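Consider the two complexes below, in which chain A is the common component and chain B and chain C are the respective partners.
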Partner chain A sequence: MKIRHEVLITPERAVVDGKPIPVTTHGIDMLTELYRTRINDYPRFFKMDELCRLGFVASELLLQAAGDRHADSEDRAVVMFNSSGSVCNDRKYQATLQQPDGFFPSPSLFVYTLPNIVTGEIAIRNGYHGETAFYVLDKKSSALIDNALRATFCDETTQSILGGWLDCEAPDDFLAELYLIEK
Partner chain B sequence: MYIQNMEELVLELKEKIIEVLNLEDVRPDDIDSDAPLFGTGLGLDSIDALELIVMMERVYGIKIKDPSVGKDIFKSVNTMAEFVSKNRTK
Partner chain C sequence: MVCKIADNIFSPLGFTTEENYQHVRQGCSGVRRHEGWRGLPYPFAASLFDWNRVQLVDGFTPFESIVIRSVEGALAQTDVDAASPSVLFVLSTTKGNVDLLEAPSPASAMQRLPLGAAAQVVASYFGNPNMPVVVSNACISGLNAQIVAMRALQCGSYDTVVVVGADVLSRFIVSGFGSFKALAAEPCRPFDIERFGLNLGEAAATIIYRRAEAGSWHAVRGAIRNDAHHVSNPSPKGEGCYRALRYVMQGQSAGDIAFIGTHGTSTLYNDEMESAAIDRAGLLAVPVNSLKGYYGHTMGAAGVLETVLSMRALDDGIVLGTKGFATMGVSHPLNVSASHRTTDKRAFVKLLSGFGGCNAAMLFKKGGMA
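On to the complex of A and B.
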């Protein structure tokens, strides 16, 4: 496997291929700032939950570094890992069910109560028709992640993977370490 | 009985639509009161329709039991306002 490009996003910074991107905000506001200053052509971003926004922004920065989305392809897999699932959004959804006299489950929150939705959002944005997967691990394990990525390349179709660690526990507590990997 | 000026209700509904559907870069003035909400116009989808049904109950006390009637109610902001003014319990 060869890593072609990489992106790191924390609540304080965003770094693409070792180069920091100037930002003036932090946390979830920083993701919005990155969207508006670097992407700004996908209003669906504002309907996404925090995990999806993190994954969307990270994937867009990665693909910008690559200079080619490899759009409408069947040989690119999207494979993500974390240990908190979709807990940030799950809590918000739970709050809409909490009060006996205010029981109004939110459909738009409900659809994001699964972490693998982010792989779908990335696939839809780019027209990827290859494998998508989201592994929820007990804890971050480089060995497990490496094995899973290598296994993804075992089919006869997958030639590249957009993937990595994508975790969001709260609007000010998240980590994206995504890579564009070739076979 | 709830009496509200129709113009005020239309503006309120536009603000609620923007708020509950996270239409970040849309202002009330941008929404044509007679334009289709779904398909063209604002381009809302099926999840947005469900959120509007929840909003109707939460804010105006209107339970829409048959989702198929939603198509007529949510045709435009004006049709929503007419429906709310006739059926609200809050």
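On to the complex of A and C.
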């Protein structure tokens, strides 16, 4: 298992393969800034919840570093881990059930109350038909994550993984540590 | 080989696998119509626990309690020491304790809102020292969890894996499916021309796997594939489902497969999609069934519950009928039957699909070598 590229995004900075990307904003606004300055061709970004925005931007920066997009492939898996699931969006959705003027559950919010939606968003963007999975751990454990990523290669079709830690506890409290890994 | 050594189904139809199997064999269903449930403004049909009959575990939430009861039921059939570091717990759930968001709860309970924390208190209840893995991959979680177990045993990291799947219903979950207009107010009718939506269900189910040279049931192959199509609608061609099915059937003969246990939620799009995928895989002649008419869609529990029940039925030489089905309503004519059928075959495939475009397939066989 070889790490080919890595990206780190915190509310304060974005770093690709050890090189910081200059940004003027922070928190959730920084994700929008990165989208506008580095991506800017996928308006669906603005429909996504915070966890998906974080994962989308991180995956785009990784794939730009790699210079290949593996369109319409089955051999690349997308496998993510975190500890807070989809809690940001869960709270937003719950609020739609308890508004003072009534009960207005929103299907577009509900769909993002599953953390694995981000793996689907990345698969759709890139035409990845390979394995997509999301795992939740009580605490970040490098050993457990490393084991699970290695085990993903048990599927004989899988040759590379876009994956790692992707956690968004609040709009200003998030961490992406994603890797592009080859078998 | 990755062999099943014990199992349990803890559902509104019974608290043991045997009780569940006998009820399903007699055609019983847990699905009932509910009106005004927790103040929801529309009726829906679902399979809900009578919580007066469920013995809650002191200090644990209803969700954690059914997980514990199911695991206890399975562990009691084994000599596994759950406190051993060679045992891993894998929990499959979509929303765990999400109903804690509904009403202000004590801080000690709110700490178990994250799925990992809920899994940790359950693993600790059994004295297990390892951090449990929670599979949160929408409705395919129950098969995904068994694939995690297979890999953990094949890689030699653990000797035994306890896979438990569970979900309970909340206003959160029911209103969400309701907002998609996916809920039926009457019992669901998988693959039928008059199907009009799904039923939700509550349950927990456990399967314990161990690495062994021989055993009764074993998990042979498993795959997860994505549609890369849409986050909430399945691919009309069943792209991910077909690819997962193709992977698990590699080197297998369709003639050895007793049946394909579909996801069969009874929504227009899911059932149509599965029929397309099964046709593309060249498996239209193989009997298929859906168990949603007995249990509804039990979400995180579905993959484990439906696998365990399918194994028990095949032990009896039976392919369970698809309750609610009458007239073929998908464009690729599947081999579906409302009534139970007999078989002498010893293998089956289980399918699931979920939000996020994910699809899973697993192949299970009984007896002999892999």
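The working rule: the second predicted complex is superposed on the first by the 181 of 183 C-alpha atoms of A that agree within 3 Å, B and C clash if a C-alpha of one lies under 4 Å from a C-alpha of the other, contacts with A are read in each partner's own complex, and residues count from 1 in each chain.
In this text, a residue touches a chain if its C-beta (ideal position, glycine included) is under 8 Å from a C-beta of that chain, and two chains touch if they have at least 3 such contacts.
All figures in this text were calculated on a predicted structure; none of them were measured in a lab.
J.: Between chain B and chain C, positioned on chain A by superposition, is the outcome a clash or a fit?
T.: These partners fit in the superposed model.
J.: What is the contact status of A:Pro107 with respect to chain B (first) and chain C (second): first, second, both, or neither?
T.: both
J.: With both structures placed on chain A, which of the two partners, chain B or chain C, ends up touching more residues of chain A?
T.: C
J.: Look at A:Ile3 in the shared chain and tell me whether it touches chain B only, chain C only, both, or neither; answer first, second, both or neither.
T.: In the superposition, A:Ile3 contacts neither chain B nor chain C.
J.: Looking at A:Asp90, would you say it contacts chain B, chain C, both, or neither? Reply first, second, both or neither.
T.: In the superposition, A:Asp90 contacts chain C only.
J.: I want to verify one number: the closest Cα approach of chain B to chain C after the superposition, in Å.
T.: Closest C-alpha pair between chain B and chain C: 7 Å.
J.: For chain A, give the residues common to its interface with chain B and its interface with chain C.
T.: In chain A, residues 105-107, 111 are touched by chain B and also by chain C.
J.: Spell out the residues on chain A that touch chain C in their complex, using ranges where they run on.
T.: Touch list, chain A to chain C: 72, 74, 78, 83-85, 87, 90-91, 93-94, 97, 103, 105-107, 110-111, 113-117, 119-121, 123-124, 126-139, 141, 144, 147-148, 150-152, 154-155, 157.
J.: So in the complex, the part of chain B that touches chain A is made up of which residues?
T.: That would be residues 20-25, 47-48, 50-51, 54, 57-58 of chain B.
J.: Residues of chain A touching chain B in their complex?
T.: 43, 46-47, 102, 104-108, 111
J.: Can you check the complex and tell me which residues of chain C touch chain A?
T.: Touch list, chain C to chain A: 41, 94-95, 98, 101-102, 113-117, 119-120, 131-138, 144, 148, 150-152, 154-155, 157, 171-172, 175-176, 178-180, 223-232, 239-240, 243, 247, 354-358.
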